[in-house]
Amino acid sequence: MSLAQTLDFRTATRAMGRAWRRWPPMVVVSILVVAALVLVALTARWLMPYELDEQNLLNRYAPPVFMGGTWEHPLGTDSLGQDMLTLMLRAVQVSLSIAFLGTVIGAVAGTIVGFVAARFGGWVDGVVGVLVDFQAALPFLVLALALLAVLPDADMGTFIVLMCIYGWERYARLARGLAIAAQEQGYAVAQRALGAGGWRIYVRHILPNIAAVLVVNMSLNFPATILTETSLNFLGVGIEPPDTSLGVLMGQGRSYLYKAPWIALLPGLVIFVATFAMSIIGDWLRDRLDVAGR
Amino acid sequence: MADPPRLSVRDARVTYRGRGGRPVRALDGVSFDVAPGETLGIVGESGCGKSSLAKMMVGLVRGGEGEVRFDGARIDNQDAAAWKTLRRRIQYVFQDPLGALDPRMPVLAQVREPLDIHDLGAARERRARAAALLESVGVGPHLHDSAPVEISGGQRQRVVLARALVLEPEVLLCDEPVSALDVSIQAQILGLLAELRDAFGLTMLFISHDLAVIRHVSHRVAVLYLGRVVEIGDVDDIFARPAHPYTRALLDAAPRIGRRGPRLRLEGETPSPEARPTGCAFAGRCPAARPRCVEQDPALTARADGRAVACYFPHVIDEAAA
Amino acid sequence: MSRRWLLNRLGRALVTLWLLMSFTFVALNLSSEPALQVLGPDAGPEAVADFNRLWGLDRPLWEQYLRHLGRLATFDFGLSYRTSDPALAMVWERVPATLSLMLPTALLAVAIGVPLGVLAAIRKNSVVDCAAMTFAILGFAVPNFLVGILLIYLFSVWLGWLQPSGIVDWRSWIMPVLTMASAEAAVFARFARSAMAEVLGHPMMRTALANGIPWSQAVREHALPNAAIPLITVAGLFFGSIIGGGVITENVFAWPGLGRMLVDAVSARDYAVVQTIVVLIGMTMILANLFVDLAYGWIDPRIRDQRQ
């Protein structure tokens, strides 16, 4: 091997080593998993082999193929003879939509509130502080249960709102703290000296500078959002049939653990895979972008 | 009547809230004028109120009081809309160029931004204008897309200067613009500043703790001690014959070739503005202090030679040595 | 600790308490016509009027609000919509069962999580570290109810060793406590590791080692006490998460505690009981957060100076 070739080989392996460190296999797998779930959620409507409310009481508790079932119902059927694959597709779609929309809307709202608190200070800041305190004074699950007790007929929209309420406080605290810190930084003062108005500084300068922290927190918080939604629905006080979610399916399935364990375990597996993959991605993003978690 | 001074400051005060909410006066009744095209140096130790003064003049601190006039018109009591127009005419250069630049924005965009803020010119012109200014401060096109962390400290301060000048201001307030730079770079930036001043016809306020730097760029100089002016006058005049013992001490602290007479060294520390002593604030450290200095506070008094000094016994050190 | 800071902190706790009580009022008024929900949609107008008079729902809103605050302040939580028993007594009856789950859970979580995290930090990037962090992510990613159901599947369905629900004998505690503790231990391990790693990287440790203090002594005397400070914060968070986790776990194992009662009351829209539980949990949390803050200020002088 010539010297040039050796050098070439070395750079190549070093580049591979770098790529390996930049893209650990676990992270790549996690990204693929999340991408696949998102794809399923987006195309669920066309993938469903049956109608969502199609029951067949003559074919209840049919096992999935890997437990000796037939391809008629690849993931088996539930206690009403509904096709599990159809239910699972809809459940993934609903749960991911709630988690995604809830996280994004909550983050946007929270960031705006945090900026408002930082910008105006005084009593506005005080009110935001009291609201944050209040939310810290009640485990969110309990708060959500109290609201579900009075809100009629919960559906996907209700849960998106609930997840916003769950998340806003975290981003409000973060955005407020970061904005106040950034205001003290030279560049924000320098912008004021140039004649820039308050909001211009926030949107054009402070926001891009803290966006990384906010995005990392969104990804770190995403699994917790999925868990909160599925927990509430697992308890049976959320979304009503015929609509479903991963939590609803598990909650229904737990009564048939002896007879038909797949009803509870299949959605459980999907919840686990989704939250695990998102946790890995979140941790990796945090380390990669080098921002503190809290 | 003669034209009004370009800048005029009367009885400027800045009060901060100290520990436990007690007010702390960082700037305590400072007055001066700056003529068009003139550069006034402001010198003093850290904590004497230099930065508060500059920030107060452009409304960047809370708790500022006093009258600031620009071409004879008051600006300290203007509303936000009026300030926005004013900021086109008065620009500010910060001490720490890295901090003053947005860490995520390419430098060309940052120089262009003031034009966006004030909505000046068409989009393409803005870009060309920003590029031209960068060129004139010696930052070439190859650096246009660099982030602030990717260029050197001197280049960063050049970018900050370009950003300040892109609005074609009449007044430039420089707050320690070179103190964060290496000495060799300092000279370049000071040279550039002098060049730009002549090219743009700028009136400048130049703040520094470094007398050598002040002397390099200023026409007149004001010496600040504990939030007050203790001596103000022509720069060569003051450097040749300081009247206030504090000015003398500052000059003696700087290395100088061909020094004559004894060297005055300061003992003790600057008193805190929270506990301003009665009488002359400098009395406690002044080697020539007499009972009167502790009892009464000397006012800044104009003299026939165009200087103003706040000392009962000016030139006392020189006389003692003679 | 300055009196000012103390008063400020107490004031904030009181405002939070007031907000909590107002929240229950607003939530109650969000519900559409509680009379119909309790009496059923076929209730006659007279029955509805009677119900409203009984609950004071026919008064002006501000009067209802003041009465509401007054009642809560005197611990008068009213009667259950469903059984007409005093709500507070009903709820109180369930407290011991819940506490009997929480205490062993807390002990187990700390006993597993903290040593695991500290060990992981000391042996960073070792097998122990890797295992501890995998456990931490798993504990975070696997929902309580999934752990519970897997345990039931394993021990009850498959092996047939344990009763899946209710309190039968001492073995009934095994699965619920394991379920809750696994999640909490993961949180403790995560925090203990990062707190410990930070302290170990502190120049103070280098100085101590450079001064010739043996490594184990330096860890014991300098690193551990300093790493304990952030752990107090976790204790505050822990309290909230163990209550949330308790609600789910109790429902998985049909445990006769507060959490199960809460979910049953929500399903039955028995708002008096829901409100009682919410206010009690909120009050406990406010007190716990207050204590955490006080402990913080007491232990760490930096915090109390900052907050003044």
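For this structure, a couple of remarks:
Letters A, B and C name the chains as they come in the text, with residue numbers starting at 1 for each one.
By our rule, contacts are C-beta pairs under 8 Å (C-beta built on N, C-alpha and C of every residue); 3 or more make two chains touch, one makes a residue touch a chain.
Treat the numbers as computed from the prediction; the structure is a model and nothing was measured.
Pairwise, the chains sharing the most contacting C-beta pairs are A-C. Chain closest to the overall centre, judged by the mean of its C-alpha atoms against the mean of all protein C-alpha atoms: A. The chain with its C-alpha centre at the largest distance from the centre of chain B is C.
The mean-CA centres of chain A and chain B are about 52 angstrom from one another, to the nearest whole unit.
Chain B and chain C have centres, each the mean of its CA atoms, that are 56 Å apart. Centroid to centroid, with C-alpha atoms defining each point, chain A and chain C lie 22 Å apart. Listed in rising order, the residues of chain A touching chain B in the complex are 185-187, 189-197, 200, 204-205, 208-209.
Residues of chain A touching chain C in their complex: 129-131, 133-134, 136-143, 145-152, 223-224, 227, 230-231, 234-237, 250-251, 254, 257-258, 261, 264-265, 268, 271-272, 275-276, 278-280, 283. Remark: chain B residues 58, 60, 80, 83-84, 87-88, 91-92, 94, 96, 98-105, 113-114, 117-118, 160, 163-164, 167 touch chain A in the complex.
Partner chain A is touched in their complex by these residues of chain C: 12, 15-17, 19-20, 23-24, 27-28, 30-32, 137-138, 140-146, 149-150, 152-153, 156-157, 164, 240-241, 243-244, 247-248, 251-252, 262-263, 265-267, 269, 271, 274-275, 277-278, 281-282, 285-286, 289.
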